[in-house]
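Heads up, the next two complexes both have subunit A, just with different partners, subunit B and then subunit C.
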Partner chain A sequence: MIKYVVHFVGILIISAGFYLLANLVEKDLFLERLVIPPPGVKLPQWLDSFKFWANWGITASVGAVLLWYLIAQWGFKVNHWSESGKRVIWGLFFILPVIVIILGFVFTQQAQESGWLAYLFYILNGLACYYLATALFSPSSFKYTPLWAEKIRRW
Partner chain B sequence: MIKTQHINRIILISICACYLIFSTAGCSKRTNVPAPNSDTSDALESISGQLTAYVYIDSTVSMEGFVRPSSATNYIQTLQVIESAINTGWKTSQIHFFKFGTKILPLKNREHLKAVKKEFYQTPETKIKTYIEKVINEPKTCSNNSLTVIVTDLFQNDADVSLLTNVLNEKCLKKNFAIGILGIGSQYDGTVYDVGIQSYSFSYKSNDTDTKTFRPFYLLILGKHADVANYFEQLKSNLSFIKDTFVIFSRYIVNPLASFEGASMEEIRGLAEVTNIISTTSQDSRVKQFIIRKDSNVGFTATLKYNQLPYTIPFDTKKLTTEVIAKQFDFNDGFKENSDAKQSFNIEYLDSLKLKVNLTPTTLPGNGIYSYEIIISPSKNAYKGTYWWNDWDMDLSRIDKWRRNPKSFEGSKTLNLKPFMNNLWQANFLTHQPKIARIYCYFKK
Partner chain C sequence: MNYYAIGIGGTGAKCVEALIHFSAAGLMPEGKLYVLFVDPDESNGNLDRAKITLQQYITCKRLKFGKTDFLKTMIVAGKPNVWSPFENETQPSLANFFRYNALKQNNKAAAYLFDVLYSPSEKETTLEKGFRGHPSIGAAVMAETVKLGQGEPWQTFRDMIMQDIKGGTGAKIFLFGSIFGGTGASGFPTIASLIRKELQDLQPGEQHQLENLKLGGALVLPYFSFIPESQNVEMKAKSEDFLINTQGGLKYYFQKSRTNMYDAIYLFGDESQSPVSTTSLGGNTQKNEPHFIELYAALSALDFFLKENLQNYHLTARNNKNQLDWGDLPDAYGGNTVKHKIGQLTRLAFAYLSVYYPVLEDIRTKGKGYRAPWFIDFFKRENISLDDAATQTSLVNVKNYCENFLLWLANVHTSVKDEKINLINYNAFAHVVKDDGKDKVELLPVFNLKAFANLILPLGEEKPNELSRLWERMCSARVRDTNAVGIGRFIHALSCECGLIY
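Up next is the complex of A and B:
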């Protein structure tokens, strides 16, 4: 039981870290200082739009992580250690954050300058959150299913 | 099995990361720069709740020709509506009537109703000379909650339009009151006195079937701009023959003053528009705030919208003047005017109220916050030149011709009308230089 709690707390910490990163570092330290919004759009409005889509991107990632965890832990049957690889399914869960990232691309008004940073952050947050959380806190039977997990997961 | 030391390490790293993020990003961004003052005199005052009207009827003999026992001339119909227009235009009102000419005499017990009869214009104390300036100099003229209506043919004694203009300027315009002038053509059969410097007199009879031959009389309406306009609307709704031969001279030509409200921002160069430079919680539509992101090619292009007030003189929006007040913010002394900041800023008018604002950040005197107050007014030559009063002006160079052939006298025109109106317009321009926009731009470098 303690194992699940630790995994979920770990996922929670990683997702919280990404929320903080998006809202306080990416938005306030980078975008607020560099972006020139399009005419007629005030910077706070534009940043609010970034914040909205960045947070939804991370939320989609967290949703994908939890789904992966639940399915991996209780949905898959493992008969033998060597048969536990479900990498393709793990990879398919990237679709969820990717959809939100694409929506973020579409609905964030194109800035005159440095708008590309927002798109970069959308990708980074959405994909990295899912990857790190699954690489570090997948169920034990599938702990090496995420790509290169064996290099970063030491427990 | 997860080792406890790994968990501790993760928690420790997370706490450190959170601390770093909050400590670097949690700084306050508001700089507490004061917002611009709101100038309440920029906004048109609303119609008075309570009104006292003073109606002065010119009772000199020239006016007698407007009155006929047999039929209701436009003049008589207007006199009959003067009172009801006040009653319908204001919830609470009082009206006082006077007759004037050489002297001003109060009309009591509804004596003003006699103005539709010829005897009204035979009073010895009033019938000889027209001293409109005496009426304007009355203490209640252009005072709060009052409206003064002067019914006259504007044949001022000695044709002294300069005196009349000066009195109107001092008494009304300089105190922020408005002057409305309504010209109405009416059937006429009588003698016109005081024509020219020699005060010649000519008989004149209009043709009832040709309104172009009607002789004009005027209502000078003095009071708050909104009251003057409202009174005209009331008259117009009751008298079908009233055309738009009406003008208001006042400090207001647009209402409200144009701002960024409803403006379109077409281009922003090297600037990010923000909302947190000035310390105000509510949005002020006069203000735009920007952070300067670049050193060159910085500025914006915006088109302001304005609503010209009805009955004010139309102006050419391509002939505008701009006053810019540039200030730099100092945390100890607040905003102080700064000439270097002013030189870094310029405005081009691309079309109408489409402004191209250019800023040269490299010539600003250092980092900081700068405010630019921009006041836009029509220039003196922006006012369009063809008005109804040009057609109603009496050409005095024809006086010899009229003396030789009195039947050719142009009684459908008014002596010195054009100089009077032009003088009044100029006085209003010099006193107020009516504004059409007041906007503020704040830049943070």
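Up next is the complex of A and C:
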């Protein structure tokens, strides 16, 4: 039981980290200073749009992490060794944040300058949140299923 | 305390085999176990199987497991591990052995006495396949040839015991033999008597050290019979003589007070003597499958090794004569220790053979080690390569022992036809097949994985995902014992995790 609590707290901390990163660092430190919004759109309005899609991207990631965790922990049974691994299924869960990232790309108006940073942050937040949370806090039976997890996870 | 087990004859070897499996389950108390077989028929199939088990144990024990139940005891095999009274004879017979032809010319009185004591066939039959159910031959030969102070393995055996009793470590010697056959019946009293005599030969000031020496034995009464043959041409052990032999043997022990040389003696038998199809004279065809009586014999050794205050005679019986349950097995530890540790070893062997060894093989050939996180933790991070020949050999050695143990267990369960052995759910990993018209137990090509939680009888609640839970625990298992190294760390973890399942 303690193990699950530790894992969920870990996932929570990583998610919170990405929310803070998106809202306080990416938005306030970078985009607010560097972005010139498209004609007719005010910067705060554009930043709100970024915030909306960035948060949804992270939320989609967290949803994917939780789904992966629940399925890997309580859905998959490794009674026969061939039932281990499941890297393809882990990879499929990237689809969730990717969809939201694509939506963010579509619905965020193209800025006159430095708008690419927003797209970069969408990708970074959405994918890195899912990757880091699963690489560090996947259930024990699948703890090295995320790519390169064996390099970063030591418990 | 150090321990010494001597298996005399085919039954003795089978009992030692059971004791080795019990040692593998971690049931032996702390201390070394020295194992020696006594058999004039070195190619005896029963002995052969016990020797293989001993060798597998010793080979696996080379891995550094640290402090864990699996293969806990250091077993030292005698060198040579089988002693034959005929080691220097090419065509042994009683007449050759006692130089009967020379005796007839030089000492006629002795030759006549020889004629009175032994029939012509007893004198002339070759004995390379044992004493053929004639303890009178075996007793004469054993008494003449067992010399504790001369020749191996007796010299080392004696030196080790002397070291143990003089150094204060203490030594407990346990002999296994049958009362109804040839080798066991003749060796059991003779060897015990020689050991007592030899070790009592201490300096006057050292006599008190004899308190550090205890001698015990398991004497197995008839528990199997041979299917009678239509023709009977050669001198050999006949099961119709077993009860007569036993009666004579018991009378001998009683009248001559021969049990006095033992600090404790255990007697076992089974009313329904299971028919054994082999009516071999000896050699590698004398291979009777393991029997539950041997469990009792090994448990008696544990009882002897563990207890400080020994009774002279031990009696035990089953609740139901047609059934054997865990409750019928005496547990010298008290409680359910025997059941738990045999269960732990059964689960370890089952899991290793059905899951862990196959996945290691698959990783070796196909890679993708991430599939088994415990592989990364116990092998990859420890720089243990599966391609390495030494790693391969070690893994195969453990596999061989696990197969041997499970087969032995399954055979114990199928050893009696009209009695029910309710210890292990052997159907989960083995089945009986017909081989040349005879029943033969084989491991299943695919184990019933869902039965893993219910390997130990009686059957409990169904837990079809217990192997998955074991896998999960193995993936986060930690071994803090610094004496557990290499593959031994992995086996240590698997053994400990299998011990947590009830």
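Everything that follows uses one rule, which is that the second predicted complex is superposed on the first by the 151 of 155 C-alpha atoms of A that agree within 3 Å, B and C clash if a C-alpha of one lies under 4 Å from a C-alpha of the other, contacts with A are read in each partner's own complex, and residues count from 1 in each chain.
Operating definition for what follows: a contact is a pair of C-beta atoms (placed from the backbone, for glycine too) under 8 Å apart; a residue touches a chain by one contact, two chains touch by 3 or more.
All values derive from a computational prediction rather than experimental measurement.
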| item | value |
| --- | --- |
| Fit or clash between subunit C and subunit B when superposed on subunit A | fit |
| Partner chain(s) touched by A:K3 [first = subunit B, second = subunit C, both, neither] | both |
| First (subunit B), second (subunit C), both or neither touched by A:S141 | second |
| Subunit A residues touched by each partner, larger count belonging to subunit B or subunit C | B |
| From subunit A, separation angle of subunit B and subunit C (C-alpha centres, steps of 10 degrees) | 170 |
| Which of subunit B and subunit C A:I13 touches, first, second, both or neither | first |
| Contacts of A:W155 with subunit B and subunit C, given as first, second, both or neither | both |
| First (subunit B), second (subunit C), both or neither touched by A:Q112 | first |
| Touching partner for A:L21 - first (subunit B), second (subunit C), both, neither | first |
| Partner chain in contact with A:K77 - subunit B first, subunit C second, else both or neither | second |
| Partner chain(s) touched by A:L92 [first = subunit B, second = subunit C, both, neither] | neither |
| Touched partner set for A:I102, first subunit B, second subunit C, both or neither | neither |
| Superposed arrangement (fit on chain A Cα atoms) - minimum subunit B/subunit C Cα distance in Å | 5 |
| Residues on subunit A lying within both footprints (that of subunit B and that of subunit C) | 3, 155 |
| Complex contact set, residues of subunit A against subunit B | 3, 6, 10, 13, 16-17, 20-21, 24-25, 28-29, 34-44, 112-113, 154-155 |
| Residue ranges of subunit C in contact with subunit A within the complex | 355-356, 358-359, 362, 368-373, 376, 380, 449-450, 452, 464-465, 467-468, 471-473, 475-476 |
| In the complex with subunit C, residue positions of subunit A that touch it | 3, 77-81, 84-85, 87, 139-145, 149-150, 155 |
| Residue ranges of subunit B in contact with subunit A within the complex | 1-3, 6-7, 10-11, 14, 17-18, 21-22, 24-26, 264-268, 270-276, 291, 293, 300-301 |
